[in-house]
């Protein structure tokens, strides 16, 4: 008996070793080539060290030898899921040149951006379901995303790397079918979106897996610069569309979805709410696209005045900041992209500590990481 | 705060700094030695309350490297461009701001990686994207005959 | 006792949410005609691509083997990745004037990012985007294409 | 009874007699064993491949896809092609694995379904072993499988595999309890553990109907716990593709991987077959008391067909679970067992005992 007691007492001192696991660069839940060096004790995560740069493509260096019309097509390749919103960063060039773009362009850009946001959130939804083990969500999400991509294909000529916004306007005028197709899509998707909730949101297993997991407080969200739906779920009001409206956003009424909990479930819900908001924005604009040119009169070679310019746009993942330093030539002196994923990624270590591997996967899924956005 | 108020406030608070109204935002250039104390005051002073670092970029110039901080206040809704020049390009060193804004930790690592600016007291100053043998590609004098093909 | 009923209702509610989810998947299981999969090589005939779809750059020729390219090189300048190379040659026209015309419009499909800038900026609309998309080749060299057909010449009436 | 004409007993008896007349009893035994062994081998291979194909098609239908369509008509030969590919693949053995255990694990895993399958009654007279402790044998033997999974996880010298193996261990040890208890509930009802007798007792009504509510609860608990025991979604923590890449069989390739893969599907079959045998009357046709005409029509369908129809129904249900639900976390999976299934089960046993005591079950 005494022996047993001794064993029980001494077992308090038994410690398990921490060990390191490389999640990635090839791992199903890192959505690309992200490598997380995870320090684990059993199943418990003690530290997450992201290692990035596997697809660093040097976009910032490349921009130094490209003209301002050529740069937008590279931004497609950063956060490829919000290609149009990245393209929209040409607003920075327009502001610098003090060019007034036609109203029609603003409307088209905003509708496109919101369609792209829905498409991005759809893909995020299916990937989140898959990361949590519900594989069917993946196909339902992609099925619905296909409708949007078809609309893009018809108007922009591409499905993923749109390159639709150029300084001063857009590449083409909208296709004659555009308005009808968008309206049909909205009508259809309004019926399908509640199904997403039935399949995943309401599911008791999903709720158990996500409620109260990986809580990011508002202070931390601000300190780590976590923007986009992930930051708003913590109560950080950071929607550029609201605070520094660009394009047609000043003309529409929409709510900035905000949460307070900051847990995985709230981040999830917020993106679903954003899809509803995006649909309402599109509905407000789609019937009122004014007639006019689809591009402003621009010079053949765009030269920015000497100086520094900074513009932010709201992508599906958060704030994309473009910082252009111009020396008056046709190529920029320096372009810096403040990508939302970059800041968001490094908050993961802070909130994943103490949770299990499965929770780490869930947290990563709801941060909606796109790796080329981080690596650039 | 409006730009004028911000300019007035900053010039009374930091007489040593160069404050100008840029094309879009208020810009302030400080000396490298003052960087950390200025940043700390900017973050902690009630009138400034710059609690959110939007962006941290490095720009290479012929005789120095400039590091640009875009700071925003989420409560007062104003934005400040804080600039600091390093002393030369051979061995540029600045103080880290990662203790004030945690997000700066990785942005500073990026600047170190691509421009070679070292940050004092940085908790984990390693290269971020590239391996250790690589040069500093965002410097203007960087040459790479293998990877950069120009026509 | 209250906690006991909570326990039971928690179980029942959980089961209900699971059943709701199963209803969604079952709905699609029993309606196979709503399947979205298309079988690719089989549907080639029916496949309609949008007329703006950017598949590759081509130079349309008319029935007399004439194109509209003047060889000005604006597309080459506007291409962000150097996919287009213009080789021009000078000829002597019938009037005895020296004139630069296009010799070869070389297009590297393998380097192209389909940004559409060359087509957009072309002053004589000589190049357009084609809807072809099956670009798989065994040999990288076959991705380099010469867009103007051999023996072709410039159309009449194209502004130089 | 009409369905007696589908009885396999005369066939097996005549083979047995024929052999006895021609060769010595020892040879008879050896030949019979060989035939039975080969039959099971062929059955496991063919049915395993069929289940893989079925799963692909079923999941495709849930996801609005078509599934395999290229190899053979409607992709029927796809799994055979895959199997041939797996056979021809190089067996990669990482450098620092525990060689003996690493190679042993797939065999432990694949042997278990062969042991369990031997007591299943496919049709009248088609059952190779008929112990008087048949149900006990199934629960006992099926637990051996976890050793294979643990061995694979441990011996692979891979952290993902180890986590997968440990998860699987914790999970199966817990869910073994629920499987056992729900079977005990039914044994109380049946009063015997002999499988042939359990089936025979359901001649005039399946146990799920005879046992009232406790039997229904036991059935659902058994299906849930059985899903967990076969490591299938939403309980596929040992593999947990998005967390552990492939869990315990990360380091296996070629035919060794095929063993794990096949074993998973055969285990799925066994769990469903046990559910059918104990709850849904095995090969017994569906009868409604009093409807003699209806019962006579039902009797025309052979027992073998009944058995497989029911088994495939349960398999479909389990596949439906997998392709709808997200995966649970390891602590939730244990919570589900210890906080929900186990108390329900204990209460259920009590209820069943009471029903049997009162004699309400016939």
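Letters A, B, C and D mark the chains in the order given here, with residues in each chain numbered from 1 onward.
Rule of thumb we're sticking to: contacts are C-beta pairs under 8 Å (C-beta built on N, C-alpha and C of every residue); 3 or more make two chains touch, one makes a residue touch a chain.
No experiment lies behind these values; they were computed from the predicted model shown.
Chains making contact with chain B as well as with chain C: A. In this assembly, the chain whose C-alpha centre lies farthest from chain C is D.
Interface comparison, A-C versus C-D: the pair with the greater number of contacting C-beta pairs is A-C. One inter-chain figure worth recording: chain A and chain C are separated by 25 Å, centre to centre, where each centre is the mean of the chain's CA atoms. Chain B and chain D have Cα centroids separated by 64 Å. For the pair chain C and chain D, the distance between mean C-alpha positions equals 51 Å. For this pair, chain A with chain D, the centres built from the Cα atoms lie 44 Å apart. In chain D, 62-65, 323-325 are the positions where the chain touches two or more neighbouring chains simultaneously.
Among the residues of chain B, none is in touch with two or more other chains. Counting only residues that touch two or more partner chains, chain C has 18, 21, 24-25, 36.
Judged by the touch criterion defined above, the protein chains form a pattern that is neither an open path, a ring nor a star, and not fully connected either. Applying the touch definition to all chain combinations yields A-B, A-C, A-D, C-D. Of all residues in chain A, only 19, 21, 27-29, 40, 43, 129-136, 138-140, 143, 199-200, 203, 205-206, 208-209, 356-359, 361 touch chain D in the complex they form.
Taken in their complex, chain C has these residues touching chain D: 11, 18, 21-22, 24-26, 28-29, 32, 34-37, 39. Of all residues in chain A, those touching chain C in their complex are 66-67, 69-70, 73-74, 136, 143, 146, 150, 153-158, 161, 163, 171-172, 175, 195, 198-200, 202-205, 207, 300. Touching chain C in their complex are the following residues of chain D: 58, 61-66, 69, 320-321, 323-325, 340.
Residues of chain D that touch chain A in their complex: 59, 62-65, 159-160, 163, 167, 233-234, 236, 240-245, 323-332.
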